[in-house]
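Each of the two complexes below includes chain A, the first together with chain B, the second together with chain C.
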Partner chain A sequence: MADIKKSGAYICSGCGIGDSVNVEALATVATKEGKAALTRTHPMLCGAEGVALVKEDVASGAVTAVSIAACSPRVCYDIFNFGENIVLDRIDIREKVAWSQEPRHMETQALAEDYIRMGMVKIKAMEIPIPFIPEEPSKTIMVLGGGIAGMTAAINAAKAGYKVELVEKEAALGGFANTLGMRLPDRAPYDAPMENDIASLIEEVIGDSYINVHLGATINKISGGPGIFDVSLVNGANKSFRAGAIVLATGFKSYDVKKLTRLGSDLPGVVGSVEFERMLKEGKAPPRRIVFILCAGSRDDEHLPYCSSVCCASSLKQAWLARQANPEASVTVIYRDIRTTGNMELFYKQVQQDPGIFMTKGESPVVAQEGGELSVTADNTLLGGKVKFMADMVVLATGMVPSTLDPSVKVDKPEDQMQDFDRDQVGKASILKLDYRQGPEVPDLKLGFPDSHFICFPYETRRTGIYAAGTVRHPMDASVAKNDAVGAAMKAIQCVEMVPRGETVHPRAGDLSHPEFAMERCTQCKRCTVECPFGAINEDEKTNPIPVKSRCRRCATCMGACPVQIINFKNYSISMVGAMIKAIDMPEEDEERPRVLAFICENDAMPALEMAGINRLRINPVVRFIPLRCMGSLNLQWIADALSSGWDGIMLLGCKHGDDYQCHNIKGSELATTRASKVQETLDRLMLESERILVDAVQISDWQKLPKMIDDFVEQVSGMEPNPYKGF
Partner chain B sequence: MAMTEAQTLTIQPDPAFVKCIMENGGETLKKCFQCGNCSVVCNISPDVSPFPRKEMVWAQWGLSDKLLGNADVWICHGCADCTTHCPRGAKPGDVMAALRNISFRRFAGFDFMGDLLARPVGLFWLLLVPIVWIGGMVAVASRQGFMSMKPIVFSNMMPVPAIDAVFLPAVGLAVVSALLGLARFWRELKANSPGLATPPGSIISAAFAVIKGIALHEKMGKCQTNSYRFSSHLMTMYGFFALMATTGLVALMYWINKLGLGPVSATPLALSHPVKILGNIGALLAVTGVTMIVARRYGQDGEKTGSLVYYDSHFIFILYGTILTGIGAETLRLLGLAAPAFGIYYVHLVLVFTLLVYAPFSKFSHIMYRFVAMTYARMGKRERPGGVD
Partner chain C sequence: MNDNILVIGGGVAGVTAALEAAEMGRKVILVEREPYLGGRVIRMAKYFPKLCPPGCGMEINFRRLRANPRVTVMVDSEAVSITGAKGEFSATIKTKPRYVNEKCTACGDCEKVCPVERSDSFNYGMKKTKAVYLPDALAMPFRHAIDMDVCKGPECGECVKVCKYEAIDLAMEEKTTSVDISAVVHATGWKPYDASKIENLGYGQIKNVISNVEMERLASVSGPTAGKILRRDNGEPPKTVAMVQCAGSRDENHLPYCSSICCLVSIKHANYVREQYPDSEVYVFYIDLRAPGKYESFYRKAIDDPKIHFIKGKVARIEEDERGRAVVTAEDIIGGGKKRVACDLVVLATGMEPESKSTVPLLAKINSDGFIMEEMQGDAGLISCGVASGPFDVTTSTQNSTAAALKAVQAGVRR
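Here is the complex of A and B:
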């Protein structure tokens, strides 16, 4: 990279931009105010000719930084790619201006010119990231848990050519599948239980030279991070090794049947499904009258509030096997809803055909002892009202609890000193023993399953490089767990491949930038180590932050958190955004042209804004948008900068937070909301109204509502006096 | 029909009865997953406690008392709209038909009769009785040389007193067992369908309303999947009644002459005689109706009419045979072909015997069970709001 940065501004007039704004005037702004070394306009910059134009300038050394003022950075990113040594920025004047503003209007032109000004100061501040590459990274994948999911993940990683360290706490591989006699069918015609073939999977693992199996082993400690996880085991030999990524496949525990006293779990003859399975496997003949109660302790706020999705099918399997073992048996199944998803429906249909299996919907079942018999009473059945069945045995179909939970675990800290991440550790089984400042285990969602978004980020836990698979992730049957294991293995492979290149894996896959700490100014306030959503920053004994960069997801939450602004990225910094805030042409107080600054999350709110543009909805022209990597990167300095530069209002448009959060970085928008609430003080100090700042959540699907949301805020701001700091 | 919500009912599943339903035409019963589509699509099911969903549920548990003492089984006209719309292929229409098959068999008593009518092998014994009995009567009572007498007069072979000697006691027996069956059915209805309104409506007015409904085939008119049934069944029913009336009138005329109460026309009647006209119209209606039924049920779209079981085929073909042999005998008589005419007349008599005398044990008895069940339901005001019961 040349010592002196030569920025080129390339302004496209295609896609209606030229019809909407005066492109030549934009070029003048770029040259005169933006100090561009070179400014060019083109009617179709993304065409071969336009791209060649830029490439020539790059090749000749006329420019070292390229600013493309055209369409959104979400499109044409493959076309506008001029190599690693060129600083590249995209100024969106298509979706955010031409497609969402009144053509040839004074305010439209002003908006486009402001975006050019902001873009030119931005590219000036941007530098080429120097990737961080950890020393001696490993491409080995550690799989924790030797059940169906763990073994499948190991086999698939090995098949792809990666060494696997498979750690199983029991003395044998197999996991829960070892307790099964027959298993559910996993292939057409799905009409009968199949032989339990776990032994063949075990054989495959043992025969695979790429898989190193550790039996009877648990984790002693895991330190480091992606690429450099240093694992030490507790077992006879106290082994240790380095792994690049971890697949967490520790499975589930069946819900404790003893807690279901309402269902007679303390009565003789009442058994849980695990115990009944054992009876069947051992060949004990079941009695003549058997009643199954499905959803035993599931979908029940007192026990497990969720559906474990497999108990219906596995109970039908047991009913079927009980009839095979004792043809005289009559089996009654009381369900709340039969949930046999996918092809398991075919199995359900087949079991229904058995004239000795009786099924009814029934609510609030109660099990009692009457004489020497058991009685099961259920309400609201299909048979009309309350119905009682007499039984010799009652089977309670219990749900799945993730193995990562252990209700007995407490955190030894007074409540007022507890951080969010301390609370995350309460009730967590000791499995991973991570040497992380934020605690040894992976945080979870409200139901105790490790964080893993079903749609957007499956397998991702809140610890980079650790991927959950199988029933520890959410309840599922064996065939789904196998698919899951393949997915998690793929994520682990992605991780071990990208980390040695200095790239982040998720969600900013391929990003080479990383936070740099100007430690000489650090005040040891611990905010970065506390707020990092991924536990990426450790602390030394003096509470100095020690970033473990391969754990970092580059969300810049630490940058937003730092009160002394010492954390910055090469291409994303507090001063860069600060300069953008100050770059616009702020109208005078008496012009009655308010200006509103909107920080907008680039993951959801910005695409929503662009969709509004694509659909030609009008966006209020007084608003200038600055996309942020995540709302969590919002530094309060920017609010102060904006208010002191005369902006009349500030919007923070991030993702929904809370239990059903949509934030790609889990806590970013939540942290921004907390920080914004603290701005109240700043506003008071500046003698300004706190209503000048609005925090709102925008989903990608909210694009139709977005223009009104913005208009309402602009209207509110317009009703106030102009910001008195204008012109200072 | 209110459910007994407050009480706790102890259920003893009965796999044997489930098997029984499956063997009597409800083979698909267990496919039901209790979604209730059947009750929703049914055009004649009442809104309160509708059928056939609850019957499908009871049937899967083998709750025979609830199922057999249940008027709804007979309010169902088997039009198979439910079967057409069942997402699971459980064919509720077939299950309801199976329950009716089981009902008349169970209520009529004389289990050996039920056994004989349940399977094709029984037909041998069922036919043997009239073949021998009527054959014997012909041997004893026919006039010498009836075959060569001109014109052809059937009473030369089988005089009316001989016919009466065969049929009156046999039909009398049938009527007695039918009445016994109905009495049992009524008892079961009262015990298990506690839907009789308090106070119940008048049995007379209920019966009249039901007769009117049947006369107009109001319920069958609502059938969508098998709309052919409305016209075919209507023709069959009126044709059959016309033929029964003709038979009755002929017997009456014979005894009027015999007892010297006045000369009225004697058989064979002229084609222009009103009674003959009634008979011929009846025969035409009946043969058209049953031909439509046979063509539909045994034709390409037969699946849609509900699965055929032996009960259906037995009834359809005995009835069809009776009508065809009746028409055949008349035609051959008019053509003057003595030997075939007398032969087919003999077969006709055998089939009439089979049709009428075994009626309480065959599907023929649907006439009375359905009438009684509908009357019972009508008394209990169990009808579709805004619709015709």
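Here is the complex of A and C:
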């Protein structure tokens, strides 16, 4: 049984708020319309005296829910903190009112009063989340792949005190590194290849009692989610275990050199870089004239469009070693660009000192057999025009293809029934075999790599608790792969620590709320299971959604998707926002004071709006902003509520979508756009203009553009008749 | 033994390392020399290849910081001594007086009355602020600071008179804090290589020759020209812009290594110019165009733009003509002969020099280029990340900072 909530409204008049609006009138709104149990005003609420006022009221039980009407929630967060058992909300009447509106104007007062009204119904609706903690969560880390990256992840997780299940499909550990002779330098002075120390890494793994190694093993199935990944293996003994997080380190395959017939791959004496490495490792003396062709089948739309970043350095290493093995050898390297970045430049410099290695820029090389020799002809060389080199051996430096790609894999559905996540599974190698309704493998970014889309957050894959590391994530050399694996192990450890606390991981790190489904009203429409960006919702045979909450990132896209509004969070619900929409004082039709509702994404659009305020730009006073966790959480019920309450226009301001999407919930703003377009039809039927709804993208740096963007829309809306549903 | 972690440096690398360790459960002390977090990246307009604003990711990190009481942020601070060993270090941190305390609400009343101006270091000297200033609209912590080098002090005191919150304390003193930690993460970052040392390229003499970091400020909405790229002498829009790659890099006389990001930054700058001025022409003078890995497609898009010209050849010299334009003379290796282009603006793609080169971090060993040596990765409880470790891009820095967090966590574990 819940106690009746006692709302406290605390209104600050500092920072120019008191010069901009009548704070006493705001207090009256909070008490009368907002039904606050207690309302206080203060000239500096963030000061010691102001905070003490609130703390006393909380301690005495005079209030059980606190609304602070002052500055933005992005500041003073440590000051306005009254413990976990109090509902707390911040009403921003500083950046969004005092700093961006005309002081002492009637519409400014109306705006502030509306925010108080909205804030008071909001805390009434908010409940404190009860954390969801899965039963018997595990802190074991599963590492899939026993090459350099996988072994490094395992060792580092173990060093931090975590148990590891290391699963390797071959009969021995080592992966690709087992095929390497000498490796690239990874420390100063970067001037020579170094010993391949893979054997010592293997020894370290085998000797670590925290690491349980499964050789010759692959996955049979993985069900569950973060904290509760139930893994069963295929390896004779059919082992199974529970893991809390997964590091995916299954590595790469070299691009199939047989496809490079244009470069003579079918001719004798023409080999790929992998085979040449094997020859060097086996101590075979290389022939006298060797030509390396870099970017063989890379940076090439017919083969691999991307660059594999390592092949330049790796080829220089092989050239150097070939010359060591056969001092009579003369090596020619035909390149497009030598991409030895960072400290690898120093190695390039060293290799350039060898008079037996000649390097030239050359485009469109052609390899042919002439008599018993090979010839390589290239364009645009540094010598001008075309040039031909005769060779005994040609080495094609091929690129890296992630192990997650398998062109033979198809999805058994007709094309017109395929969802986006079905298309994501086409061509995906069967590795993880996740028991997820949206498909068994991690959706990738582009080109087959299960990488993160975010520059700032390299481990943010589309499946919670599964972190890619090493060359499966993107092409990289061994020392980078090692470091990458340590990072992935960190993320895995973080995940297994956060799940038993009921917390979600990045980007809403620490959020304890989670979606609750009122299943008695579910119509099994599957929209939530399809639209969840992270595949967090499974399905039963009757297509009822079964949320697996530890997979959830709390973006509330499911809440936005549900056409019957059965999904809600304790502190963020459809009825909460609906109440806020209906709470304002809507002017009469004949007052000619339009009202525009703007939903803003709290990650980009809201900070942009606040920065406009910080820079004292004027924002149109007829707009009321409601921040959302993600534009993907926008439920069409709110649009219906807004229109039926008389709002004249609605703006949806989210982040950029498309190929370079910014949304950390993948499709938030895109989904909002799609949903809004469906509403256009309803609007037309209701004889309301479809131009009353605007969807636009706002980046955090767009704050200068915001005033005009908003003004333009308000002008557009003002040109229409007032919403005839006002006053209904 | 404790398991607290000290992170020195509050740029994107330090903030990342601190957050990753704190979210897992550790207490972290994050120390930053400047009055704000964000380091070099929040002074950039956009990141390559997505051309997205650095503020976006940084805002998420600030959000994570707000939600995590385990991180103690100390700005205006430097670690001045560290003693002890892995698992049991003791560090002394000095916090310089900011002369503005936590009561500051950033309302800005003080700025209006301050009589003194200063060169704005956030804007690489391209703009001025008052002696009392807010570092940036996205500054965290969001409060003002006073530059005591130029402030007139208590004899003026105009700011104190108008501050409603008693937030200004002109007598503020330095504070010293001691902390016990198990590991130290050096995330001290970089500074732009001083382009005036490259004698033949005219930086510092020719007004329209600027560095890549200055170009970022020109393109930034909070920069000296509100985001409009303009000639530095007469404020006119540029029609012809040149990027000079490897300016002072891959060069024994300057920085011998490649900074790995400058080619991509120049392609990004070419995008800025072309977007603002559809009739402009951009020349990129390069030695090797380094767009490795998946960045290749970013390069390809630039190649497809007929008004962006990639010319392989080292720039021999830059001279000023009578119209104030910067005339670039370079080899044209593929085309043959020389190329001479009169440009309205020339951007030197200068490299990154690690801060640790001029100020060796406590207990750290640096190599001859000033980067913290690779061997120093955890065994002694001392770790480095970000550009302190090597010349990396943002995505690699955040990746190796995440790794550094785990190394730091390990230092507090006895196994």
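As a convention for this text, the second predicted complex is superposed on the first by the 723 of 728 C-alpha atoms of A that agree within 3 Å, B and C clash if a C-alpha of one lies under 4 Å from a C-alpha of the other, contacts with A are read in each partner's own complex, and residues count from 1 in each chain.
By definition in this document, a residue touches a chain if its C-beta (ideal position, glycine included) is under 8 Å from a C-beta of that chain, and two chains touch if they have at least 3 such contacts.
Bear in mind that the values here come from a model prediction, so they are computed numbers and not experimental data.
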| item | value |
| --- | --- |
| First (chain B), second (chain C), both or neither touched by A:V442 | neither |
| Comparing the two partners chain B and chain C, which touches a greater set of residues in chain A | C |
| Which superposed partner A:E497 touches (first chain B, second chain C, both, neither) | second |
| Partner chain(s) touched by A:I155 [first = chain B, second = chain C, both, neither] | neither |
| Contacts of A:I11 with chain B and chain C, given as first, second, both or neither | neither |
| Touched partner set for A:K386, first chain B, second chain C, both or neither | first |
| Partner chain in contact with A:F358 - chain B first, chain C second, else both or neither | first |
| Partner chain in contact with A:N343 - chain B first, chain C second, else both or neither | second |
| Where chain A meets both chain C and chain B, residue numbers | 338, 349, 361, 382, 384 |
| Residue ranges of chain A touching chain B (in the complex, touch as defined) | 330, 332, 338, 348-349, 352-356, 358-361, 377, 382-390 |
| Parts of chain C lying in touch with chain A, wherever the complex brings them together | 12, 16, 19-21, 23-25, 45-47, 50-53, 55-64, 66-69, 103, 105-107, 137-138, 142, 164-165, 220-221, 226-227, 250, 256-260, 288-297, 300, 312, 333-334, 336, 367-369, 371, 373-375, 390-392, 394-396, 398-403, 405-407, 409-410, 413, 415 |
| Residues on chain B engaged by chain A in the complex (per definition of touch) | 3-13, 15, 18-19, 22, 30-34, 54, 57-58, 60-61, 63, 88 |
| Contacting residues of chain A [partner chain C, same complex] | 14-16, 43-44, 46-47, 71, 74-75, 77-78, 156, 158-161, 186-189, 210, 299, 305-309, 337-346, 349, 361, 380, 382, 384, 446-447, 449, 454-459, 474-476, 480, 483-484, 486-487, 489-491, 493-494, 497-498, 505-507, 509-511, 603-604, 607, 611, 614-615, 655-656, 660, 662, 664, 699-701, 703-704 |
